[in-house]
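In the two assemblies presented below, subunit A is common to both, partnered first by subunit B and then by subunit C.
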Partner chain A sequence: MSTAGRSIVIPHLGRVEGHGGIFVKVVGGRVHEVNMDIFEGSRYYEALLKGKHFLDVQGVITRVCAICSAGHTVAALAALENALGIVSSPRVFKMRGLLTLGATIESHALHVFALALPDFLGFDSVIAMAEKYPREVAFALKLKQLGNRIQELIGGRAVHPVNTLVGGFGKLPRHRDLEEIRSALSAAQAPLAGFVDLAASIEVPDFAARPTVFVALRPHEDGYRFRGSTLCTSRGEEFPVAEYRDVVREFTVEHSHAKHAALASGETYMVGSLARLALWGDRLAGQARTAFQRLFPRGVEENVLTNTWAQLVELVHCLERGQQVCEELLGLPEEEREMQEYDVRAGRGVGAIEVPRGTLIHEYSFDDDGIIESANVITPTAQNLANTERDLRAAVERLLASDVGSESTLKLKLEMVARAYDPCISCSVHVTCL
Partner chain B sequence: MLIVGLGNPLMGDDGVGHAVVEQLRRSLADRHGVRAEYGDTDALRLPSLWHGEEEVWLVDAVSSGAPPGTIHRLDHETLLAVPQEHHHAHRLSLPDSLRWIALGVPEMASVRYRLWGIEVRRVAPAEGLSPVVAAAAEQVAAEIADRLV
Partner chain C sequence: MAKSKPKVGIFGLTGCAGDQLQILNCEDQLIPLANEMDIVDWVMASSRNDHTCRLDIAFVEGVVATERDLETLKEVRARAKTLVALGTCAVWGGLPAMHNEIPRDVLQREVYDIGGTHFLDTVEALPATHFVPFELTLPGCPIERHEFLRVAHALLAGAMPEFHMLPVCWECKARENLCRVVHFKEVCAGAMTRGGCGARCPSHAVACAGCRGPLEEPNYDANITMFADRGISWLEIARKMSQFSAPVWIKQGLEKEVRHEHRR
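This part shows the complex of A and B:
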């Protein structure tokens, strides 16, 4: 057997946020090494927070990433308010939920339609796709804009929200604006159902499929929700989010500026839409349930390439759930602002939320004057990186054994695996624990 | 006329588009019919900034290998003809974003674009521009103001 080595190098991952690549080393016909290299420079946002007042946290930490800024905002506020003993009023809780739905619509619309679907349909880009699917491509942008509009209404602007505060909101939306959003969400349902039909006609390859542990938050109430306080695994384990350090072990690797993560048992795991569907898909209702049954007729399978379809199911859910939340907010009296009084005191708080890419955890501790003493953020992409490498290894072994074709075809398929996670490398490289 | 500065001012020279808008807002404060807006990092949000203007002038950071501070001037046809691979999951390249906007927002299909691209020296977490990029930003702001006279 030859021991000569062969390297497969993808120096830059296209259609992935931030700078990353894939390196595979094959020796003697066996896959020797698989790395997802993250070149993006570290952000050090957590270090920047030390010594600042907790009221400054949101303004700094949301700038980890523009697309993920709403998720970081809601997670940071949850952690800070837990530390201060603040319990959100029903209106504040619903509004943060609507903000999260808007961010998920924006993010999933872009990833599903502009970045992943071209792979499955054999186009180079969403623009090339427009030649055959002009209406669909036009609708996808409108859907993304709707997500932006929701974030502008609730957060005060489309990125880096300014209206979201510890204790509440500086300004509440007018009823007529909520009615407009509700109508827009309703109007988007039928065109999105057309996408579900299109997706159902596409066969998803299984070259990266392998046994996978899924992790997601248990929804805070009956129904499919993006917030909760208990981390659950697909093996049936449950842990309070406040004890996440006992569950999620972060570690550094030589080839990546981003930390990797594994469960305390050492197993890698996946967070994100597919994990949420695997754990809580039976809670979906309405058209989202129909879409779930249509796209996952055999239930959720351990194949990361179906994560894009899981995002599509969640898009349907977001449109329906968004209308419900608007309805609930319209049932409350129209007011200018809503803020809770609170006393500043020393404390430690953990907050978690399901954002488009998976479970996002924030933790802060501060002194009696509210000065931050420590901060820690664990992003979904950082949690997924080790699992991505396992999937890539499985894919390379299977593809090499099955005469995949040209080197460029092999590289494209490996990129599809990495892209399926919808990684946000900008978010993943900030991690600097204090 | 709508002028939009793209980029992230917390990432060093990536904030050059914002710097130009900041200068234009001072120099064009009383100029009727001209708006200068911060576009942040997602060109796909242009439709939310657009109020029916026939022309949209864009200022963005560019990294093409030219010396830092080099000013690239692209007219509408040249800008939209740039073949550019996607390099980000969360945002498409500027030309692809403009092409998608033309498809997805038909009322913007007739908008004429112009780009001032300023070659960057350093894109990393930091506030403020490199001196050579700051000088180019001043030059672009003056050039745009002159064109509006």
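This part shows the complex of A and C:
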């Protein structure tokens, strides 16, 4: 290649949530610059929350992002309740867990089948894929619908829940509705196992593989869980989540409306399904364990393109775990409503949860009247952006060194890397005040 | 050859993508619907799109918060025969517009912690309907799926869908919920807000936040008097009325009356 500069520009990344692009500059055969451009407009939700009452936080902050609305809801309520000293009743804790599982089923089904799988099978979109794989696509949409049904039952709406309140829930699900959800979850298990077989037959390329630090929350109990209060890294470090500001450093970069993040050491890192499997995959049980062994026969490797398969393993887990939680809720007496009493007082609280795309952290402080003084949200996508750029750089270097084929093939491969992170750009541009 | 299918584009400006997600959430009805139209431009769902062709129907969600949003919107308007605004952000401004009285550079300082930011081309958030005419508006935060399907099927049949303009309050009464104002002394926007959600929030024992935007000519005065007469404080009333209703108030020049937070 000549010494002249060459740019690879993907102006608008398709099949991701929100507006972003990729810009790569190559000079003299060497990669000069790799940027994930995020041009989604800023909405300043955290600044807009100042002066509002803590009771209004959930209804506002859930609107950061539709796909992640349940995750933002559960994280915000956990942070606010920590500040108020409220300990969730077993039922409220389990119901929020079920809401999270529903959201994860919906989000993973959407990403694995509609956004990422078309890449692996050679289609432009899930609608194009439906012509050749009608049965598979129909099941995928059904699975997504099941995730939404769970969110509707627990949260009152599939997008932006309304039933979720500080201290509890406005309305509790009827037992017959929980029984219906439990059997729908059980019925989805066999067809999903078919997808695991399909995925196991597809070879995942390794052109973006690169040493990576994984970060995830330690599950709050023994088992594979999405909530916890300790941040762990794949290098064996542990931090209480309340001290996240000492661990996660956020910074602004010129080409992005979303902040980037790195560990205090300056290293970038990955959060998300692959990170969770790397850290806690050995806690999986039942069919999820089988799927994990099937799709990751050599364990989790540092290749982000396998994140889609990690999401598939988590889908299997969510179906099984969802049935257990339904069972536990069915063991409690049927009631109309559950709300805990509490006193309004000044406080500061941090809440964290593993959402489909990784660790989500919310923090709020409010005064004696409950008026918000500061709010901070750290989203998985913002944490992943810097790492995405490094993976893209590795991919470009490797692909240029080998005979990659046409420019459009190269672009598609770079898009696959960005999509593998399942970026949620609405979430990443919300944004935070540190 | 059969009659060609109408060309459809789906676009998101700045927002949470919730209305596009609600389209994807139509799940089992999505594929048959997609078969009746030719979706040529939908970045969220496809990696191959035609960004220049004429469109028979275009759906737009979100607020205009950047210069780029405005360009996109104007381009889509120029390309589309029928333009539909999806969601409360596109129709009224929604939550991103609830504090347009605060200068954006103040927010930028608070959020990005830097003065004189150059790379943020963010302007104050305004609804898409502020900039270009629309043939149809469908509010909701997010939109209701059944309403979207009605719109899509009507437009495919060459008709304009009609929606009843009844308040959430009417749907709430039909469900025999206990009134959040009368029984619980809460600020409930149900009497001022366009129905269609089946009174979702009050049916979960939560007051209506007004997320679907106002009815035509809601009687704000009577509602506020009703809240105050129940002993609800002015501060509480103002707080609740400063969210989804705020962009509406601002449009009607009533902003000063509902503001209560400290000036920044």
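Here are a few things to note about the model shown:
In the analysis below, the second predicted complex is superposed on the first by the 429 of 434 C-alpha atoms of A that agree within 3 Å, B and C clash if a C-alpha of one lies under 4 Å from a C-alpha of the other, contacts with A are read in each partner's own complex, and residues count from 1 in each chain.
The rule is short, and it goes like this: a residue touches a chain if its C-beta (ideal position, glycine included) is under 8 Å from a C-beta of that chain, and two chains touch if they have at least 3 such contacts.
Values in this document were obtained by computation on a predicted structure and should not be read as measured data.
When both complexes are superposed on subunit A, subunit B and subunit C clash. In the overlay built on the shared chain, the residue A:L141 is in contact with subunit B and with subunit C. Legend: residue contacts after superposition of the two complexes on their common chain; A:I67 is shown touching both subunit B and subunit C. Of the two partner chains placed around the shared chain by superposition, subunit B and subunit C are both touched by A:L110. In the superposition on chain A, A:P423 makes contact with subunit B only, while subunit C stays out of contact range. In the superposed model, A:A216 lies in contact with neither subunit B nor subunit C.
Once the two complexes are overlaid on the shared chain, A:R149 sits against subunit B while remaining clear of subunit C.
Touched residues of subunit A were counted for both subunit B and subunit C, and C has more of them. Of the two partner chains, subunit B and subunit C are each touched by A:A130.
The residues of subunit A shared by its contacts with subunit B and with subunit C are 12, 14-18, 41, 43-44, 63, 65-67, 110, 114, 125-127, 130, 137-138, 141-142, 144-145, 148, 158-159. Residue ranges on subunit C touching subunit A, taken from their complex, read 12-22, 24-25, 27-28, 30-31, 34, 39, 42-49, 63-66, 68-69, 94-96, 98-99, 102, 104, 106-108, 110-114, 119-120, 122, 125, 141-142, 200-201, 203-206, 209, 211, 239-240, 242-243, 261-262.
Within the complex formed with subunit B, the subunit A residues making contact are 12, 14-18, 41, 43-44, 63, 65-67, 107, 110-111, 114-115, 125-127, 130, 134, 137-142, 144-145, 148-149, 152, 158-159, 419, 422-424. Across the interface of their complex, subunit C is touched by residues 12-19, 39-48, 50-53, 56, 59-60, 63-67, 69, 110, 114, 118, 124-128, 130, 137-138, 141-142, 144-145, 148, 156-160, 162-163, 165, 170-171, 252, 254-255, 257, 259, 337, 412, 415, 426, 431-434 of subunit A.
Within the complex formed with subunit A, the subunit B residues making contact are 8, 10, 40-42, 44-45, 47-48, 85-92, 96, 99-101, 103-106, 124-125.
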